[in-house]
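Alright, structures below, take your time with them.
In the two complexes below, chain A is the common chain; its partner is chain B in one and chain C in the other.
Take a look at the complex of A and B:
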């Protein structure tokens, strides 16, 4: 079996205690929540922190609260299994529950957290490998090396953002709350990710995601959400494509807002542009869905950061998008 | 050897009924101790340094840094074990650790023993190896073109002057008149097929512990014991003694419960030699447990096969000739490859009658982990190609593919075109069972576009007729003891690897000796205390060990009956042993507890024990070179129907259900037979849709690096992916099997893959000729068919069912017991 590098495990009871530990140990510390991503990565020698600061004991990070008019407040420490089964989430944003349910397999969802899914390290066939394998490769840009084996020429790491809940949260316009020894701040999840696979988050390593807020729906509007995922197996696998949609309709069934986000491509989820505009003022229709799928297709280019055929993954963008869009409809006008 | 006579089902009290496994509760309750669960006082942990190059000369190795590290007890390299080994004695080409050349990324170079795993890993980092890289081969065709010059080197030294060192084996065999057969054919189908390599992926990684007992001081005659998760303790025993230059009587191999093997643990591996040598060097027990990644490097999985098939048939569907040309991608070492090369052609000749057959198979070395035997060794790949060929012939002739298979059925008690003796044969019953269960007649070619049914058949051996090293000794043996307590102890050399061999012998002994199953204890897999059995491979154990067990049990039974008969003053033949009682046959109200019967026997005969053994009949194959390979005392037969739904937009194939019918001779325990049938179909399904052991090429990071040596990226199906599996047991009651039993562990895998391929054709009219049928591959094939305008439901068979039924009746009457003569044969 692969060995874990040695580390000291801290299990604070309160958030301020956790922040103190992070401050005290600085770059030698890493945050661990469910550990479903970090532990295998540590076994591969991708991280060798001296200290792990666990968020498991922090009551402040627990709980899912339904807010008025479809709003939600989720503690970052809720497990993906809890998100998937939550009545509040299923009522307000069912695609968030669906995305959570689409992550990995049951045991991993029982351990993995929503905050952890937001902070999931980017993934690449040349990176998520053992020390031996990466040494034989000659290492890569993301860890210990100076070459990208995906783009071959590029100087920027293109490891794939591979989490399922961020596309839905971004489409919904959700925000996250960060706490660090320096204070607290709030950020739109749409602004959270950066196009650098080495570190793709606007989160300092000592910042803890504490909560996620999904905004309410404006009066007079209906909101629908969808999540679609492409993978080889029906469980366990990271996404080859993961798509989140949120759409807002007025009483007449006319689209007044549509956001689409696709990931499994490069290092950050792609928030589709000139996408919602296509639908504004339109009634939901097969033609509209076709046009939206085509727009997604034009904007999404999978890379060889995955072992699965990128040409096929590219061709699947409109297919999976169409099927995800179909989850939103049919949309009738108010009776 | 005592071929058993079939008895009527009503006579059985244990056999044929659903039974638990004797080792089931311990495994379910977590009491079973696998190799890695074993801990010995003072035990050290070993690790193996592996090559980061696909092909390189070792210039030098400096182990001084590792040796100086605190906590390191020993470091060994190839120089410490400079004797080649190989499970096939004709092709020994491996050193326990590379001597002067590494041949794939992952080849073992040095090993350390240290106080713990972390220290051992640290020590590996301190070993300095200087390599001189050599050109390497990933493609077997390129390897076959090698000249031995510096830019196109041989991976191994040629075994003879002038030979190509990249060739493990070339087999050319020719039976009947193929050219005339092709000329007489009304339809000839010819195409290329490719079967991608796959690996076994047992859940338990390989693990071994070496320990040394020195009874007579440092110079005394110590004994070396190796505990190993192996499926061939006997072959391991032989090779350990040979390579370590030890007296075999001082070497003991113990095989604890094994957590899956599937052929991946059926020869010696580097870790077994290393733990033994490191234990000898340190005087302390040494354990090595592979990482999952190392399991992928040790491999010995299914060879990638590049196959060209040409099959001719008359307009009524009867085959006229079959021709095959196959290149096997062997990886860095021979492993079982010599046998695989033969099997690639030899095992195709049943259950269909082939008037003429010619094949050429060439196995090439490449700089990748060595390929070897995986469940259905050597015959799963050609079976895929051939059964798809049959489907194409049926379609070309407007025949129902089920009917085409019936028309070519060879019959029972016959010989194949390559002179293999076939006895029992329940293939037609298998076809009938899957045809009825799948509602084939009303659904084949009639399901809506996108949904389809496919059929395929196969046969497989119940053990190889000859051991891997030539000898006349028994192939399986059992030692039995029973005593006045009523307890029966079985000492079995066979390897229980989860398939149920310990249970199988317990059922047979309980049946013969009339004791309740819980009175039977089985001790297996310890070369010091159990008789020699050749191992758990080639589906040999039920047939061979079962017969050995019956032989031993019947010898004891005779003694017990004699003693009871003396007490009752009757003939021994009037005494029955069943259900924990000795019974007087003519009046079963006269009875005594079995314990009392054993007391009488012990009084009459002294301490009760017996040995039984089995050896194969020797006149059941052709007398041409290679004619023994593929010969088996009995063959199992299988038919599958698969039902699929093809997503034409994504190329994803959803296999809804597989109906599996398997002729296992007799189901000694139907629960275990069904388990093997379902497990086999599952494994074939995984290979059909997703599994592939592949490597990075020169444009992808590092040529020769394993693409994905983890169970996250080497995808085996989850429970959600797995189709419904419905098993139908067919019992042909083999004349020589134990109570008529044959194998069930490997045969039922074969048809899964071509049945799925043929179902995809029924669904969307697309022929898949390359494995796996992954979504990208199917999607590309669908795109091509769409462009060519052939993406549609294929035409239904033209020949009316009634007509077909009449033809079948006439044919059955005519019979088909011809024994084809091989015109000639010859290997190289």
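Take a look at the complex of A and C:
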């Protein structure tokens, strides 16, 4: 039996009320949306807020809207189940629906939200454990301790970013909108994450993610998206590796753009470098996919922040990349 | 922070219920220790196993990680609300007939997930059943008899077989 620490619960009905509550309670408050990440962490004693400010009552965080030419606007409060089943998302960016569908099991997708997935706390073998377990090891850098047990120097927290929708959203060039008592701002999701496992987001603790926008496709181009995931048990486990791809093709079926983002390794999702260049001006082919899989393999270095063997996870990088690339093709075009 | 108590009003299995519970209670703790509805089980208690699955507005969620206040104003359905001893739900009859429960600890959660599936899709295939139950762990049965029972209950509900 895992008890929650005592807290008071608030369910405001408007965003400005929520922001007032967050300002009034400051560091003693935390935001709760679906609660599927926060509540287990609170049960493990990782957070002990005096106040929870729920976003469930906020109508302005709901809804998915298809915009012209493959654009999308999604409220941060839509559930992952809603994203996975949305006709608008399936039409404009099917990999976003697939990524949402690839998160956990049905019960968790019915509660967890898209905004919550973007703000998911980083995860580590030495962190997501009970108070009893963590105390036995003398705690860790991320919570109550002063050294990281994963790396040799132990001075930087490398808890893994473990959410599935950000790689797809980053590959698509999506943006998110934030609201706080100080005002509103918009940010590219690729700029949202930082390489520090203790707190890996540029979001302030009292900032609420309100909406996510996927950009439209340029005239004359076609966009394809893909999501791939490695995990031990399909419906329970967080990703050992999660990747999002977006590719743009011209009428002839030639690649004019390719973005690949991987996560589950370090503390933030990472754009693969010198990746899209391999494909520019090329037609989609088995040789191209093999070259892309090799490039991903060279750039991904799993750490011992997961209990699963890093060597095996490294060996699985090109396997998952190949399977994910296969979702993008074949691409027909005028000869 | 000191424990604060609230009177929580919930609509559970069609009844308006009220319980005085600590404000940090989960929906599962309120059901079991505030309202005496012990059908929903406390398994892992951290959102992994699915034994605490209940329906909120008809959708399966994990009551062990749902703050009780999140359920206010919504329709809560637990295994006790699916059927009565003299009028069991077709799923309950099918689980009995097929031996789909062994130790029985996962069964209430599996019945709730299955009931939501049949309400949404009266004619599911094996893949849909497996998918709908992918968040419910069973360590006894190996799932085969559970899938058989759910598919049978779907046939019965469509009027295509004896319960």
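Note that the second predicted complex is superposed on the first by the 331 of 335 C-alpha atoms of A that agree within 3 Å, B and C clash if a C-alpha of one lies under 4 Å from a C-alpha of the other, contacts with A are read in each partner's own complex, and residues count from 1 in each chain.
What we mean here is this: a residue touches a chain if its C-beta (ideal position, glycine included) is under 8 Å from a C-beta of that chain, and two chains touch if they have at least 3 such contacts.
What you see is a predicted model; the values in this text were computed from it and never measured.
Peer 1: If we overlay the two complexes on their shared chain A, which of chain B and chain C does A:304 touch? Say first, second, both or neither.
Peer 2: First partner only, chain B.
Peer 1: In the superposed arrangement, which partner chain does A:319 touch: chain B (first), chain C (second), both, or neither?
Peer 2: After superposition on chain A, A:319 lies in contact with chain B alone.
Peer 1: Under the stated touch criterion, which partner chain does A:234 make contact with: chain B (first), chain C (second), both, or neither?
Peer 2: Both chain B and chain C are touched by A:234.
Peer 1: With both complexes overlaid on chain A, does A:2 touch chain B (first), chain C (second), both or neither?
Peer 2: Both partners.
Peer 1: In the superposed arrangement, which partner chain does A:105 touch: chain B (first), chain C (second), both, or neither?
Peer 2: After superposition on chain A, A:105 lies in contact with both partners, chain B and chain C.
Peer 1: With the two structures laid over each other on chain A, which partner does A:199 touch: chain B (first), chain C (second), both, or neither?
Peer 2: neither
Peer 1: So in the superposed three-chain picture, is A:133 touching just chain B, just chain C, both, or none of them (first/second/both/neither)?
Peer 2: first
Peer 1: Answer with first, second, both or neither: which of chain B and chain C does A:50 touch in the superposed model?
Peer 2: The answer is second: A:50 touches chain C but not chain B.
Peer 1: Determine where on chain A the residues touched by chain B overlap those touched by chain C, and list them.
Peer 2: Overlap of chain B and chain C footprints on chain A: residues 1-2, 6, 105, 234-236.
Peer 1: Spell out the residues on chain B that touch chain A in their complex, using ranges where they run on.
Peer 2: Per the touch definition, chain B meets chain A at residues 50, 52-53, 105, 117-118, 121, 205, 289, 291-293, 649-651, 690, 700-702, 705-710, 712-713, 715, 717-721, 774-776, 779-780.
Peer 1: For the complex, which residues does chain C have touching chain A?
Peer 2: On the chain C side, the touching residues are 1-4, 22-26, 42, 45-48, 50, 53, 56, 59-62, 65-67, 69-70, 72, 113, 131-132, 134-137.
Peer 1: What residues of chain A sit close enough to touch chain C in their complex?
Peer 2: It comes out as residues 1-2, 4-9, 11, 32, 35-36, 39-40, 43-44, 50, 52, 54, 56, 81, 104-108, 110-111, 234-236.
Peer 1: Note which residues of chain A are touching chain B in the complex, please.
Peer 2: Those in contact with chain B are residues 1-3, 6, 105, 125-126, 128-130, 132-133, 135-138, 140, 149, 230, 232-238, 304, 307-309, 311-312, 315-316, 319-320.
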